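These are the structures in question, set out in turn.
In what follows, chain A forms one complex with chain B and a second complex with chain C.
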Partner chain A sequence: MTRFLLRRLASVVPILLLVFTLSFVLMRLAPGGPFDAEKPVPPEVKRNLERQYRMREPWCEARFLPALAEGLSPDAERALRAERPWASRLERICTGAFQYAWMLGNYARGDFGPSYRYKDRSVNEFVRAGLPVTLQLGLIALGFALCIGLFAGLLAAVHHNRWQDHAAMTAALLGISIPNFVLGPILIFVFSLGLLWFPPARWEDWSHMVLPGFTLGSVYAAYIARLTRGGMLEVVRQDFVRTARAKGLPERLVILRHAIRGGLLPVVSYLGPAMAGLFTGSIVVERIFNVPGMGRYFIDAAINRDITLAMAVVVINAVFLLLANLLVDVVLGLLDPRVRYE
Partner chain B sequence: MSVLSTIAPPVAHEEEPIEGTSLWRDAWRRLRKNRMAVVSAGVLVFVALFCVVGPWIVPHAFDEQNLAYGARGPSLAHWFGTDLHGRDLLVRTMHGGRISLLVGLAATLVSLTIGVTYGAISGYFGGRVDAIMMRVVDVLYTLPFMFVVILFLVLFGRSMILLFLALGAVSWLTMARIVRGQVLSLKQSEFVEAARASGVGHIGIVFRHLVPNCLGPIIVYTTLTIPRVMLEEAFLSYLGLGVQPPMASWGLLVSDGANAMTLFPHLLLFPGLLLTVTLFALNFLGDGLRDALDPRMRT
Partner chain C sequence: MPRPRRTPSAPLLLVVALCLGACAPERSTFGPEKRRKEGRVFYLGGGSEPESIDPGKSYDGPGLDVARELFEGLTRYDPATLDPIPGLAERWEVEDEGRLYRFHLREARWSDGRPITAHDFEWSWKRVLDPQTAAQYAALFWDVVGGKAYNLGRGLREAVGVRALDDRTLEVRLERPVPWFLELTAFSPFHAVPRHAVETYGGDWTRPEHIVTSGPFHLRSWTPNYQIELVKSPTYWDRDAVWLEGAVFVVSDDNHAMLRLFRAGEIDWLGPSTRPPPEYLAHLRGKRDYQEANYLGSYFYWFNLREDRNAGAAFKDPRVRRALLLATDREALVEYVTKGGQRPADGIVPDIFFERGYPRPAPIPFDPEAARRLLAEAGYGPGGKPFPPIEILYNTHEAHRQVAEAIQAMWKRHLGIDVRIANQEWKVFMSNRLEGHFQLARAGWIGDFMDPYTFLSQFLSESEANEARWKNAEFDRLVLEATAERDPAKRYAMYARAEAILMEELPVLPIYYYSQQTLIAPWVEGFHPNARDIHPLRAIRLEEP
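The block that comes next holds the complex of A and B.
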């Protein structure tokens, strides 16, 4: 068990490195710099800014384009780069390699660097503010999804091919088909603006969490209901369930004590991908309900080209998803005696 | 007379040629019996006609503004009402549907191509190749893809082509798994042996012999991928990363509608309803096809 955990934890590292590298390459390849959109600053100031963010590396400049180190005007620099495209390319790659190593070192220490957009705030501040909110939202949504999904799925399985089954499965298909950005506004319209039961926005106490949690969780409730039903129907055909019935156990105990353990395996293994979906869905749900979480920061950062912040969100999400998947695998092993930790 | 009538039936039966049945004919029969799937197929045909043919019939253009008229509820002149710029919502919904359906189909095609190729290669070669390729799929499953897609679209422009390439590139995983499983169980069959004996190469065996035999699951899963991809397209359009105004897509219309819903609920209602109904029908049809084509998966 310990060896299994250690091995899995070790396998997380290269995957994280891959995610980091992928977002870093995207960031480097993106046309335009982060300071292009602002009012023009003197070239020296811009140079210093770019030095500070490691978008310029004096060593690389001196090595490949020595003229640059003397401080050229932007126009002269452009002309020089056009004149010597290969040296320019090599200089870029060299700078990129330096920046990569620098950022990777910082990430390893948990320092996500300064935000490109908000010069006086670090990415870490955004993460500290946003991550707890998003995790809270995700957990509430997952709780909703599990309660509703398991109940509906068990109901459908127990009443297989009767009206409860058809009703639950049609509702589940509807839940899968209705996008959360349609459901969210409708819920606001009915429960916030019409019935005045819940506030339509912000994130303060539990009453703010009901609608976003339900909106985010509904799709997963639907999938969980389908998987529960499928898993249960699969299991109740097996011999050990027949044995339980044959020895005269009441149906309730047959289901709750024997069948459910095997029947829920598909649901547990679905929780990994579901958590990836919850993170993605939180982008939209946080926007609809004006929740100050990571999803909102991410989309604002992406649109503002605040790449350091956006990149940090991607990497942090990957960390959480990988850990969640590890947890799912452990739980799966505890539930299913057939699984062996090699 | 009574004697004749007792003798007659077997004679008639002998004259009737015995009709063979095939997987496809069986599936077709089962599908037709599934009333919801048939209704869904009808709804989809209707929605497709509505979106493709509709704009030629409605006497308004999707970008024809009438600021003085502004947003109003449904009327005889504008069946779905008008939006804040006084544009006819009916024709905008139709146009949005064209884009949404087009992106859905194109992205699904991309994901189909990648998924089938990847899965078939992995299953056919088996062994270590298979182990590595499937491990990659497992890893990709756990990654927050939409975040990368969003970054990609923001940084490299918001064109339609990029949109469906990006969506297709991230939604092929399940298809790859399904095809791989099928190929794995088919590759020991006699017809593969025969093909190999007659000198067909690896590529020929995979794409001319194995893949056509996985068509059932491929069709089922393709039908189920379309609504997923359409949902993702709507999600990106909702965030303002899909098609750009004055063009419309269902996600964009829902986003505009949600902003104006307190005063003009019809702006949210019509595009939202059409999007949901389409996705619902696609999912229902996909489930029906699965039950029809692959009775073993039926629960």
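The block that comes next holds the complex of A and C.
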């Protein structure tokens, strides 16, 4: 078990490095920079900004495009780059390499670096403020998903092919098909603006958490219901369940003590990606309900070309995915005697 | 047998009459009728997360909106007219034909109790100009003697023409007269920052635990992407005039979420950076809490006239540009497409200046007949060469798409030209515009101060913002000479001559003048619609419940 854990944890590092590198390259290749704006800033100011944020490296410029040292106007620089495309490309790669090394060095110290958009803030601050909220929202959603999903799934399995089954599965089908950007506004319309039960947005106390938690959890609840039903139906036909029934155990105990252990295996293996999904899925929900979490940076940071913030979100999400899968593997081993930690 | 005609009974007439009297006058609201919150705290939409609230560095609307409440300049905006009125300076003298300003500061204190001195202003202005600060609004200081050279790294800090004569007197020397200078001193980059806090905490000085402020409000808390909480400053010199005890900027760039918060009574005002989504406008227009006003902005398309690209070869001929403009029914565009109170543009300087005495530009008619004639003169159309297909580039947004599609249809119908429309995500779009990879590109220009210069200066030959790369020496001369003219009427006349040249040559296709739409609760007082949508919170009162 310990060896298994150590081996899995060791594999996390190269995977993260790969994720880091790929997202860095993608962010660098995306056209447009973080400091492009409709009202252009003086070229010297922009150059200083770019130097401060490692988008320009004087050493690389001196090496490949020495003319840049004279402080050319933007048009002149464009013309120069068009004239010498290869030198320009090499200069960009060289600058990128410097930037990559700088960011990697930061990461090694546990520092995600400065945000490119929010001038006086570090990415760590956004993570520190947003991550707990996203986790909280994810946990609430997971709670909703498990409670509703397990209940509906068990109900459907126990009453197989009766009206309870059909009702639960129809609800699950609806849950899977209605995207959360539709469900969220509908819930707000009914419960906030109509009935005035819950606030329509923001994140203060439990009353603010119900609607976003439910919205985010509904799809997962639906999946869990279907998986639970499927898993249970498969298990209740097996010999050990028949044995339990033959012993004369009441049906309730047969289900809760014997069948459920095997019946829930598909749900458990689904929880890994689901937990990561709850983290990323909150992109939309966080916007609709104005929740100050991290999910929204997935899109916003990339759109703003805030390279450090965007990469931090991707790397943190990768860590989550890896850890969640590891956790699932461990739990599966505990639940299923056929699984061995090799 | 003819039936006797029934006459309406008297009671029915009475009901109708009563209903007409009772139902007609009071219009309903979109949000609640009565305030659901208590206390003197004003809740408003803050737009997206501010990039920075450091007045020297902030560059985005949301950041400037917060900074304006936390700090005060030598002058400040009149809440109704936005004209500059005394702020931290109680009076000033203007000498040397508008090239020298001497400000006399009033006795005022920072929020930590230290006095605010002229030295603070001198240091703060030089900080913005310091190339190492990389302040994006630094170019506003280029008219200060030696400012441009220092900002570009070619001059000395000591040579910059701003100097504290003593603790309470600040002297500013300008390279040329700047008629709107007193308005600039009300603008955040010209506000003093607390040197002691900036030097102690560096970039962290704007955090609630470190910040030292000079304005009517102080920063209590700042939760990223959620809210910014201000509280009335106990040290502000004019604190007795401030009615609010606090204000909360609810941060979100989701207009629909803000609309719902307003509807539920969670915010009192949508805020300056949040607009009601266009599809709601028809519904909102009849409501008592909906407001619409003209805005200091122009919406237009750039023609690419650059020499280094042949992207817009057909546009090099000014007759083609005029033909396209004549075939654009801008009246129909604002009435049936944008539908938000915009006005068709006959120029670039927005109509807000007309009521201040700026001469109206000659109206540009919608005349497809003349357009076809011009195009034929330029050698296109029946009997001539086929018009090359052109492309309109815009940033991804529903409203921009609708305008582009309407123009595409107009040019196809009236001129038979094939137009492609292409949308790009904002940063890609901006990058392509700045690099000159476009034929026609959408643009919107929002003024920074109440002088036509803020609109015309982007067309100066050496301006980086001149994305057409259009050059006209006569235009440059008129605009620069106008800035030296201190009589507004004469200055406007010179600007108008310059704008006429612009409209003759058409490096741009003017479309409409902006309008602003907002929702403000009926219990808010001291809110005046104005050209720049700036509403100092010190003037806001919430009607006592």
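Heads up, the rule we're going with is that the second predicted complex is superposed on the first by the 328 of 342 C-alpha atoms of A that agree within 3 Å, B and C clash if a C-alpha of one lies under 4 Å from a C-alpha of the other, contacts with A are read in each partner's own complex, and residues count from 1 in each chain.
Definition applied: a residue touches a chain if its C-beta (ideal position, glycine included) is under 8 Å from a C-beta of that chain, and two chains touch if they have at least 3 such contacts.
The model shown is predicted, which means the values in this text are computed figures rather than measured ones.
Contacts of A:P58 after superposition on the shared chain: neither chain B nor chain C is touched. After overlaying the two complexes on the shared chain, residue contacts for A:L173 are found with chain B alone; chain C is out of touch. In the superposition on chain A, A:P250 makes contact with neither chain B nor chain C. Look at A:P132: by the touch rule set out above, it reaches neither chain B nor chain C. By the touch criterion defined above, A:R287 lies against chain B and chain C together after alignment on the C-alpha atoms of chain A.
In the superposition on chain A, A:D120 makes contact with chain C only, not with chain B. Shared-chain residue A:A276: touches chain B; no touch with chain C. Once the two complexes are laid over each other on the shared chain, residue contacts for A:G143 go to neither chain B nor chain C.
Of the two partner chains placed by superposition, chain B and chain C are both touched by A:L193. Common to the chain B-facing and chain C-facing surfaces of chain A are residues 30-31, 185, 188, 193, 287-288, 303, 305. Those residues of chain A that touch chain C in the shared complex are 30-46, 48-49, 52, 71, 73-75, 78-79, 82, 117-121, 125-126, 129-130, 185, 188, 192-193, 196, 199-203, 287-290, 292, 296, 303-305. Of all the residues in chain A, the ones that touch chain B in their complex are 15, 18-19, 22-23, 26-27, 29-31, 173-174, 176-179, 181-182, 184-186, 188-189, 193, 229-230, 233-234, 272-273, 276, 279-280, 283-284, 287-288, 298-299, 302-303, 305, 307, 310-311, 313-314, 317-318, 321-322, 325.
Those residues of chain B whose C-beta lies close enough to touch chain A in the complex are 139, 141-148, 150-152, 154-156, 227, 231, 234-235, 238-240, 251, 254-255, 257-258, 261-262, 265, 268, 272, 275-276, 279-280, 282-284, 287, 299. Within the complex formed with chain A, the residues of chain C that make contact are 49-52, 54, 57, 59, 131-132, 134-136, 138-139, 142, 151-153, 203-206, 223-227, 250, 252, 254, 256-257, 260-261, 263-264, 266, 308, 425-432, 434-436, 443-445, 464-465, 469.
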